[in-house]
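Shown next, in structure tokens, is the structure this report addresses.
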Amino acid sequence: MDFEYSQKTKDYVERVGAFMDKNLYPNEEELEQQIEDGGRWCVIPLLEEIKARAKADGLWNLFLPDSGRGAGLSNLEYAPLAELMGRSHFASESFNCSAPDTGNMEVIERYGNEEQKAEWLAPLLEGEIRSVFCMTEPAVASSDATNICSTIVRDGDEYVINGTKWWSSGAGDPRAKISIFMGKTDPDAARHQQQSMILVPLDAPGINIKRMLSVFGYDDAPHGHAEIEFKDVRVPVANLLLGEGRGFEIAQGRLGPGRIHHCMRTVGAAERALDAMCRRALERKAFGRYLAEMGVTRARIAEARIDIEQARLLTLKAAWLMDTVGNKEARSEIAQIKVAAPRMALKVVDNAMQVHGGAGVCQDFNLARLYAGLRTLRLADGPDEVHLDQIGRLELKKYL
Amino acid sequence: MDFEYSQKTKDYVERVGAFMDKNLYPNEEELEQQIEDGGRWCVIPLLEEIKARAKADGLWNLFLPDSGRGAGLSNLEYAPLAELMGRSHFASESFNCSAPDTGNMEVIERYGNEEQKAEWLAPLLEGEIRSVFCMTEPAVASSDATNICSTIVRDGDEYVINGTKWWSSGAGDPRAKISIFMGKTDPDAARHQQQSMILVPLDAPGINIKRMLSVFGYDDAPHGHAEIEFKDVRVPVANLLLGEGRGFEIAQGRLGPGRIHHCMRTVGAAERALDAMCRRALERKAFGRYLAEMGVTRARIAEARIDIEQARLLTLKAAWLMDTVGNKEARSEIAQIKVAAPRMALKVVDNAMQVHGGAGVCQDFNLARLYAGLRTLRLADGPDEVHLDQIGRLELKKYL
Amino acid sequence: MDFEYSQKTKDYVERVGAFMDKNLYPNEEELEQQIEDGGRWCVIPLLEEIKARAKADGLWNLFLPDSGRGAGLSNLEYAPLAELMGRSHFASESFNCSAPDTGNMEVIERYGNEEQKAEWLAPLLEGEIRSVFCMTEPAVASSDATNICSTIVRDGDEYVINGTKWWSSGAGDPRAKISIFMGKTDPDAARHQQQSMILVPLDAPGINIKRMLSVFGYDDAPHGHAEIEFKDVRVPVANLLLGEGRGFEIAQGRLGPGRIHHCMRTVGAAERALDAMCRRALERKAFGRYLAEMGVTRARIAEARIDIEQARLLTLKAAWLMDTVGNKEARSEIAQIKVAAPRMALKVVDNAMQVHGGAGVCQDFNLARLYAGLRTLRLADGPDEVHLDQIGRLELKKYL
Amino acid sequence: MDFEYSQKTKDYVERVGAFMDKNLYPNEEELEQQIEDGGRWCVIPLLEEIKARAKADGLWNLFLPDSGRGAGLSNLEYAPLAELMGRSHFASESFNCSAPDTGNMEVIERYGNEEQKAEWLAPLLEGEIRSVFCMTEPAVASSDATNICSTIVRDGDEYVINGTKWWSSGAGDPRAKISIFMGKTDPDAARHQQQSMILVPLDAPGINIKRMLSVFGYDDAPHGHAEIEFKDVRVPVANLLLGEGRGFEIAQGRLGPGRIHHCMRTVGAAERALDAMCRRALERKAFGRYLAEMGVTRARIAEARIDIEQARLLTLKAAWLMDTVGNKEARSEIAQIKVAAPRMALKVVDNAMQVHGGAGVCQDFNLARLYAGLRTLRLADGPDEVHLDQIGRLELKKYL
């Protein structure tokens, strides 16, 4: 047992950290301003520059394991980098490591054929286009994926796609070109073989972005979360991934690494909020004393430290398990971090807001936006309740 | 001891409830749409119509106690009406009962002279103009009001006002005409006699709205929360309220009723969220069962019911104490509800969001906006920590 | 709506309070010592004296409503007296107001015939004998009363009783003479008509006290909680209460007032713990400051005050509802206080222990014993989970 | 980074586990019975046998690092064994690894001279005698060790000791022969050099065990927690440890490993409680369903699993830090586990009690006793509040 990061990880941590110090933190306001100036649903020029620098520095596609195409880092090696990226809003994209592209690239890498890779994976890996994952549907509780009722019906050499999806994140980006769409190819098949995944170009006729969803008032531009109607959308049969009825299998494989990424970014976000809390406490006075001199403030800082440490260790252990025994054996731990990390970070950010007073809930310290984003993580990929239930079942299974 | 509302209260509850059933609930979406259509910082035509109807029905200025000008309801009598108004975003304004106008009208009513009343109170009571309260400052922890450092300096027949205020709510409204401004007239006076309050028309030269603050990602248009710079703003000495050095005294008198209003509206907001939670649980299925059939959901509904009941009772008791023994004797209870009510409602709304899944955090069920608004209540008029400390001190005082 | 106690209540509060100041608080240690000296399972001489004084002062059987035999107080009028009694371990018994005698006396008063009243109610009302309630069984989850599987089988002029009961509180007292026993007279009847209640003298052949249960490490002597085996115990048919198959009906009627008593005593216990916390904080120093000077301590005191106020109000409202609309209409509120009051008090006592350091968990401040007793209230009469589920169901029912 | 235990650790884990399966778990009731039969403050014959077996199996003094006298395990290597021992009440003593002997042996090993080791360490390592640590005083908040006011005054070749100590655990054991006593040798020295530690045989004249303290009603016999008066107790100057004024230094060195032991035992206790919760949930029915079939139960089991995993990882990391960078560098983590582990375990045990119903708070499942013991850990070696404050200060220090 050894709690020290490997030398390889430490090197990457240092490089990513240094890159962020130089390129991300000092540019956070400017990047926001460029979104504003560009009318929000725009390409951000400065971000494109930063991406070019990251690519030049070899800090690119770090998330992609087991592949000649990425950095070849294991989940455990990548996790601390995801944590760093969680500290700054634009960091993940800077390194071409932002969701849902990461998951989509992994899916095409693992399950796509050579044509699909050439057409979609290559430009995604270059950061030239972006992608969307179309799974959740407004009409049904999508945490139970068997509820999903969009249809993918074969008609000659084409599939005809119908359905309404929402929380299709990234659809606001002008560079979003391709989606991975989940729907039923065979409603009469066995429960977990009804679904398939298919590549659907976003400029296909019949696709209609009905509206953009807000998250606690934020539009998350230029990324954004769309509600999209698919009406008789036709794509060639060659666009199907892996095979009919294998949608669940792909979904399963997609989930694990994404959880590590999300949870480690969440840990990084919590560290950033704790940092803000400490700084504020050291510079703000009330009733004649700095907030940092008050026991109530120090207790909260301590609670944040304890909670962050624990969540980080659990996430790293889940990553290590994925690397050593595989996603299936690690499924309790993967579910555990899905519950533990966002909950932890929400508490830290909430306390950080409180220490900031009114400044904490407005646009000045990014804390409220952080909170909003983290709050959705208690719902995305299934609400806490579903994961807790699964963990409980796995625990009870040990006795049967 | 009697937990039944008086007949008078019950009558008002019925009338306000019926008015809301007819005019507010069915128009919530249309009202939002008119804000959108009007460019956000606009007068909302439909709301003006609704206000006219409320006025015609005698449901107007219900908040104003002890005055020929209002409905003459005690705090205890008004409280259940405030709860009802808390259920719908536009309700308070419909009855001319929305903050900060309510507090400002009370201040002018109690501390203003006849000229001030004629010029500002009359149109406020008519709902023709709106007002702003300029107290909090970005540069200092304003929960400790002695920190406030804006200046009000006499120069001949005028006062010269300098300072930067923020969280000046309502400043976005095109009808906002007048502000009550707090600042120091004498920095060398005793600690609680340095401050004064003064009426400052918002069109006075030297006033500059620097920016509007967001709450989480909401702009709260057309109301809005402004950061305002006052630079050498000059007003006649007659605009001073009550007298130099009496700002604290006014602030004190202003606080109590506002707390009851806020807290009862908070109770109403929580009831609305619980209502949404129950409805959603009864119509949404996952894993083959309605959410309402799951023990975890029912337990949360139960927790919400318990918490709401308790917070309502405590708020009503605080109102009753204010009516019977006065604000000063009731100051522990007033502080208690300030802490208890928002905390309770945040938990209820958060659980309601969770039951709604992704729909809970976007624009569809208003829950995230409710959450954002309630979250600020843990900071407005001083953060929880200040109130808890005061309650603790009052408790310990009993032993000295 | 009026939060002031009636004059009658205020008079009783004053008299009970004065009696406790004189007779209970100063004798708490001596009463404990007499239990020790008497070998624990003994009659406490000083307590008998105090009871005589209470009876002489007319502070006797205060709990018994609607009856020529008691004080004739409504639930709302009695509640504040129960709160006072909750402040001191021996207070309830001093006024002949301690469980399970109170519930048992009510049952015999309401459902017993004249012979039963003469034989058992009269000496109970005099405080000469004590009684036991035999409902819970070790073998089944007794919160679901249909699980109860003891049998009451008619055999000529007798009923033959078999079964094992536990948590039969009061069975350790040498004066315990009679039990009310619940069991099945007809296992084939409709679900809620299988059960009956019957009076079983504790000296009947076939009754065997197998052991006394500890609560945490407390034996609660001389009261105690027994596991009792009933083996072919025979009692005359005249001992049946109300009629065969009416056990549920009686259980229902017994519950409501008992909840108010328990919850108000719980509020009193929390007040006592808060009192201890404040006193300790004012006299204990660490790191150069009194604990009372530390913000963390004051925040906890404040939380305790807020929580106590809310739980008290909810309990009083439930009492008022029982008096005005009846137990059935008030069943949500009765369940609500069952959950809210012990939870609140446990938190207060736990924080009080923490402020006392090691002294808090040992015999010196009675806090750990208080905690242990309160902890059982989250289980007695059904665990929280059952009540939350019921509250949730009642809430959802409003929509059907 | 590697989350797998070393082969050495895994071997020990297997051996200790197998020993417990064979010797501890099946004998838990018999061991309790022998305490009862022996009049509680007795040597337990069966435990002595088990100890002999453990010694014969080479599972003896496992806690003692860096010494020819113990097993030579690092903190990280010993930690998983401490976890196992935490699963059963008598396990630690079986392996001669129980507090306060462990800490006392370490102190004599590290700071004692050869004579002291021969006289006291040798028989302690053999498990022939037991020992007591006399630090906490009833009169002062001992978490602030500078408060401690017992005196150790030199008089010729002797030190004269005066003071009252409590929570002197193990003093009830008939084999308790020696204490390590902390007191002031020089009240005028610098703050952290006033204190010394000295070996005081428990049969020295002037030592009076005033009473045994209960923990939530438990006497913890035969171990027990004593209040001890030292009145003019005289010991040879040779009994002083390390030197005058070095008491703090010793206390500091003693603390770290003890924290790991306590916290890992706490993790083990939580695992045992979770195990009990699962088993109960799988065999108990209410309202027609097993408790394990209810979502509320599964959610709690899941919460327990998540919380245990996190606390274990944090404790292991603290152990690793102690081994690699030393106690001083690891002091935040050591404080963090002191807060996190007992809190976690109390929640798990409390939920386990709740699932057990009345059986959970009595003697039948050991859960209430577990709770009581864990509750004291939030106070022993300083209350949570002191540790949280220290963690907060260390965090803030990073910015100075």
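For reference, chains read A, B, C and D in written order, and residue numbers begin at 1 within each chain.
Assume a contact is a pair of C-beta atoms (placed from the backbone, for glycine too) under 8 Å apart; a residue touches a chain by one contact, two chains touch by 3 or more.
The shown structure was predicted, so the numbers you read here are calculated from the model rather than taken from an experiment.
Touch-path distance (fewest steps) from chain B to chain D is 1.
Once the centre of each chain is set as its mean CA position, chain B and chain C turn out to be 43 Å apart. Spacing of chain A relative to chain B, judged by their CA centroids, is 37 angstrom. In chain C, 294-296, 299, 385 are the positions where the chain touches two or more neighbouring chains simultaneously. Taken together, the touching pairs cover every possible pairing of the chains.
Of all residues in chain D, those touching chain B in their complex are 294-296, 299. Note for the complex: chain C touches chain B at residues 1-6, 9, 76, 274, 278-279, 281-282, 292, 295, 297-303, 305-306, 309-311, 313-314, 316-317, 320-321, 324, 332-333, 336, 339-340, 385, 387-393, 395-396, 398-400. The touching residues of chain B, when paired with chain A in their complex, are 136, 138, 140-144, 147, 166-167, 213-219, 225, 284-287, 291, 294, 296, 353-354, 357-363, 368-369, 371-372, 375-376, 378-380, 383-386.
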